[in-house]
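What follows is a pair of complexes built around chain A, which joins chain B in one and chain C in the other.
And now, the complex of A and B:
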C-alpha cells in the first residue's frame, strides 16, 4: 500500500484495528490468520505494553473476558471503559453545631454640657484671666521682696495661726462650758439672782443663808482653804488659797481662781511648793495677786501672764520671812508709782515689799517686840533691844488713813501701828487670850475695827478706846470674821464647829441674826463677802468653798419713817455706827 | 475714620494680647487636656481663616489618637448643648474671639 497522504485526524476507520480496539472488538486477521494473529498479538499486546501501565493491562484484561464474551456474543454493543469513566465517591464529616455568644460592655459614661460661645463671653473670660494674672504677679513681687525677712515671720505666722486656731477653739469651748454650767445649775443661778426668802417675814428678825454653788477642785482634796479674796474689778471672780494649817503635815499648796459662772472647774490654777496661807488681790490692778506662804516666802502672781510661776518671789537673800506669812495686804502705790504690799509673819516682822522692775525689794516696817513699850518703869531695864519678837498673825490697813494699820499677834494683843514708827506702837489693845486670827477695819466708820480669835470671841473696838465695844462669845473657836460691804453694822463669822454667824448690830446687839450650821464635822476656815452681790463664800478645811446667799433679813437697810426719803451712801452707815457707839459710850461716861 | 482706625488697632492689639488659649471648661485628664489644647491651637493658627479645615484637622487627629468618634465645633458665636462621654470634653477660647468645643461621643 502506498501512502500518498497522511493527515492526523480524529476519524478512525471502522474496520481498522484501531477502531476495533476502541470499540472493544477482537482484531481480524484474514479470518483464521487474523484470528490467530490477534491471539498471538494478544499475548504480545499484554506482554509488550507492560510499560503502558495499568490502563493497557486493564484494557488487555478486559479485552480477554471481553474477547471471550465477544467470542460468545460476537455482535453485542460494548461500552468503552476508559479513564474517563469514573465513579464519584463522597463522604461528609460531622460538623460541630454552631453556638452564638455575645457580650456588651458598659458604654462609656455620658453627660451633657451646654454653653454659649459669644464674643462678649470670650471677652469677659479674657479680662478675668488677665486680672488674675496681674494679682498673682503682685503677690509674687511682694513675696520676693520680703523673702528673707519673712521666712522667719512665715514660720511664726504658721505657728500663730495654729495657735490661734487652738485658742479660738479654746475660747469657744470656754463659752460653751459656761453655758452648760448655767444650764446644769440653772436653779442655783436663778436663786442667786432672784430668790428672796419669803419666809423671812415670818421669822421676825432672823435670817437664813441659802446655799448656792459649791466650788471644788479634785487636786485640792487634802488641802484646806487658807485664804479667800474677791476680785474687786470682776465681782464674779474670787481667789482661793489652799494649804495646810497643820504644822506636821506640810506639803504643797495651791492658788486657785474660781468664777461664779463656772463652779465645776477653776479659771486659773497655780500649784505651789509650799502651803498658801494668805493672799490679796490688788484693788486697781486686779491681775496682781500677792501671796504669802508657809515657808515664809511672798510672791506676786500676774494673772495675765502665761505660766504657773509667780512674777516675783522672795528668797532667803531678799528678805523672806523665816516663819509662815499670815497676812499680805496691798497698799497704795508709793511715790514712784511702784506697787507695794505688806506682809506680817510669825517671825515678828511687818515687811513692806515694793515691786521695782524685776525685783521685790523689802523694807522692814516694824518689828513686833514683845515687851509693852508704854511701861516707863521697865524702859531702862529693856534698853537692850528686845530680841524676842511677837508673832504677827493678822494685819489690816486703815481705809482712809494711809499710815495707820493694825497688827494682831499670837499673844492675843492687837497693836495699832504707823508706817513711820518702826519701833513703837501707837497703841496696844489687850484683846484676846489666844492668837488673834483676824483684824479688820470697818468699811465705813473710821474708828471701828473687829477682831476674832481662837478663844471663841469676836470683839468690836473703837480704836480710840482701849476696851472692846462689843464682845460676842460664839462657843467655838472663831476662824474668820468679815465686815459686810453694804452695811457698817453687819458682819459674819465662821467657827470651827461648822457654823456661820451673821450679826447685825443695828437690829440685835447681842445675838446673831443667823446661826447656821453649814458643814458637819469640818471646820470652816474663812469667810468673805462679795463686794456687790449679797453672797458670801465660805471655805473649809477640806478644800471646798461654798457660796451662800444672804436672806433679806440679813441685808436690811435702816428702817425709815414713812414719808422720809431713805438716805443712801456711806455717811448713813457711819451715822448708824456712831449711834450704836454713842449708846455704849454714854454708859461708860456715866460710869466714869 | 481715624476713630474707627484706632478702634481697629485696639482690637487687633487686644486680640494679640489675649491670644493665649483659655480653657473655659474641661473634664479631661491632665495629659489629654494639654495635648488637645495644643492641637487646637495649632489647628486654629494653621487654618486661621477656615474654621472647617481647622475642625477637620482636629477631629481627625483626635480620632487617631484617642479613638472614635470625636466632634469639633469652632466658631465665634454659637450656643450648644451636647452629650459627651465623661472625661472627654474640652471647651476653650482662643485668639480673643474664637471658641472651640471638642467632645467625644460614639
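And now, the complex of A and C:
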C-alpha cells in the first residue's frame, strides 16, 4: 500500500471504526453516505481536490451530530463522549534570571527661590524692560561710531558706577544730616512755619521781626557779607558772597550757598582769590551764578558742575574792569539765546557780558561820564571831559521795560539809562550827597524806584519826576534797602548801627513799622526778602547771616470794607502805590 | 586708564563689603556724628549686613537686623500703594530717643539721636 498523503488531524471519518468507538456504536462498514458528506463539510475548510485521495476526504470530515442524522442507519441515541482526550500538559521553560540594572546621574543643582509679586515689583520689572528697549534703540542708531562710542561708554560705565556708589551714600547722608538738623532746631522750624506773633494785635501798627536760624561757616570768620541773593527756583536756597569792604584788608573771598534746611553747614562752597562784591542768580537757569570781584573780574559759576572753579572768568584781555565790580545783573537772553549779564564798576563802565559757547564776550554799554548832558558838547569839551568817568556803585534793570536801567554813582547821582544810548543818559537825578549804595525798581509799580546811601537817607522816586517822592532819614549810614515781593509799599533797610527798619507806606508814610536792633556793635551790610516765605535774611560784617520772620503787622494786605472781597494780583499793588503817589502829586499841582 | 585709577583711589574697604566713600561723604558722616545728641551711626547694605558702625557689635547686629525688616516692610507698603512712589526716610520716635533711617537702593543709613541731650 502506498501512502500518498497523511495529515494528522482531529477529524474522524464518521463511519470508521474509530468514530464508532468514540460514539460507542458497533463497527460497521457503510460507504454509501460518503458521498453526502462532502456537502456537509464546512464551507471554509480548504477544499481539497477530490483527486488527492478519498482518504483525505475521510480525514477532512467533521463528525457532527447532524451527519449522524443523515445516516441511513439510525442507532439509538447514546451518550456521546468527548472525542478529545483532554489531558493537561504543562511544561516549564527555563526562565532567565532577573537582574536589576539601574543608572544614577548627578541631580541638577537646586536652589530655593522665593519672591513676592507685589505691584511695585511688577512695575519695576516693566520699567527695566522699557529702559533696555530704549538702550537697544540707541545702540542701533549709533552703530556707525562704534569705536568712539565704545570707548566713551567704557569710561562712562566706570565713572557712572563710581559716581553712583559715592553719590548714593552721600545723598542719604545729606538727608540724615537735614533730619538731625530739623530735630536739633525743632523749635525754630516750628516758629518758621507756624508762629504768628499774637501780640501784634495790641501793638497797633508796629511789627517785630523774630530771629530764626543763624548761618555761619567757620572759614568765613574774618570776612563780611558783601552780597545776598535768594534762588528763585528753590526758595530755601540762598547765596552769600563774602569778602571785605576794607580797602587795606583785601584778601580772599568766598561764595557760599546755604539752605534753610541746614543752617550748620553750607550746601556749596567756592573759595575765591579775591573778595566777592556782588552776585546774582539767573532767574530761569538757577544754577548759573554771576559774581563780581574786588579785582574787577567777573565770573560765572555753574552749580551743576563739579569743581571749585568758575565756568567763565573775565581776564585783562577780555575786558575786565579796572576797579571793583559793584553790581552784576542777569538780563534776558539775547536774540541768539545766549545768556547775558551786566556789570557796573567804579571804572565808570557798564559792561554787558555774553556767554557764547566757552567764552565771555564783553560789550561796553555805556560809559558814565561826569558832566551833564543838557549842554550840547563841542568836540573840545567832549575830549576834555571824556576821560573823566563817574564811578558806578549800583544798578538795576526795569522789571518790565527791557532797555531801561538805573545806575547809581559814587557822586550821589542816579542816572536813568537805556541800552541803546551809549553816550547819553535819559535822565539824571541828584539823589544823594554820598555814594548811592543801592537802587532798586519797585516789583509792581512801573514808575517807582528806591535808593539808599551812606548819607543816612533812603529816598523813593517816581522816574518821571526829578525830585524824590519820599525821603527817610535813618540816623545812620544805610547799607542796603530792599522792596518786599508781596507788596508794592513795603520795604526794609539795614543800617550800620545794626538796626533793621521795615516800612509800609500804605500804613505809615513817615515812620517805620519796625525798628529793631539785631546786632550790637556790628554793621549790617545786606538784606533780602525771601520770594515766597515771610522771612528776611540779613548779612553783617562778621560773615554771619541771620534769618528773621516778619510779624503779621508787617505783612498786612490792604484792608477792604466789610463785605467786599479782597482783590488779588499785582494790579492791586500798582493801584495802592498809585494812590500814594497821587496824594503827593496833588499838592504840587496845587502850588503850581 | 585714567578713569580706572580714579576709581581705585576712592575705594575704602571696610568690614566685609567694599564701601566706596569719597572725601565729601566722609566729612558729612563726621558732621553727623558730631551733631548734638547723636548716639550712633550704622550703614547697612541691601542684605541687612552692617558695613560701617560707631556702636558696639551686639547693638549693631540687633539694630541692623530689626530695622532692615522694618524698612523693607515700610518701603513695600509705600510702593504697593503707588509703584512710582518710594520711601525717602523714616523716623521712629520713642520715649528715650529717636531712630532715623534713610534708605537707598543699595545701602541704608541709621542714626540714633537723643534730641533732648
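Structural remarks
Here is the rule we go by: the second predicted complex is superposed on the first by the 418 of 592 C-alpha atoms of A that agree within 3 Å, B and C clash if a C-alpha of one lies under 4 Å from a C-alpha of the other, contacts with A are read in each partner's own complex, and residues count from 1 in each chain.
Just so it is clear, a contact is a pair of C-beta atoms (placed from the backbone, for glycine too) under 8 Å apart; a residue touches a chain by one contact, two chains touch by 3 or more.
For clarity, every value in this text was computed on a predicted model and none was experimentally measured.
Contact with chain B, but none with chain C, is seen for A:111 once the two complexes are overlaid on the shared chain. In the superposition on chain A, contact of A:186 is made with chain C only, not with chain B.
Contacts of A:520 after superposition: neither chain B nor chain C is touched.
Within the superposed three-chain model, A:98 lies out of touch with both chain B and chain C [touch as defined at top]. In the superposition on chain A, contact is made by A:119 with both chain B and chain C. Contacts of A:130 after superposition: chain B is touched, whereas chain C is not reached.
By the touch criterion stated above, A:3 is placed in contact with neither chain B nor chain C. Of the two partner chains placed by the overlay, neither chain B nor chain C lies in contact with A:198. Put chain B and chain C next to each other and count what each touches on chain A; the higher total goes to C.
Chain A residues 116, 118-119, 122-123 lie at the interface with chain B in one structure and with chain C in the other. Contact residues on chain A toward chain C in their complex (touch as defined above): 116, 118-120, 122-124, 155, 158-159, 161-162, 165-166, 168-177, 179-181, 183-184, 186, 264-265. Residue ranges of chain B in contact with chain A, taken from their complex: 17-18, 22, 24-25, 75-86, 88-89, 91, 93, 96-99, 101, 103, 105-106.
If you check the complex, the residues on chain A that touch chain B are 107-119, 121-123, 125-126, 129-130.
Listed in rising order, the residues of chain C touching chain A in the complex are 3-4, 6-7, 10, 19-22, 24-25, 28-29, 31-32, 35-38, 43, 76, 79-80, 83-84, 88-89, 91, 98, 100, 102-109, 111, 113, 115.
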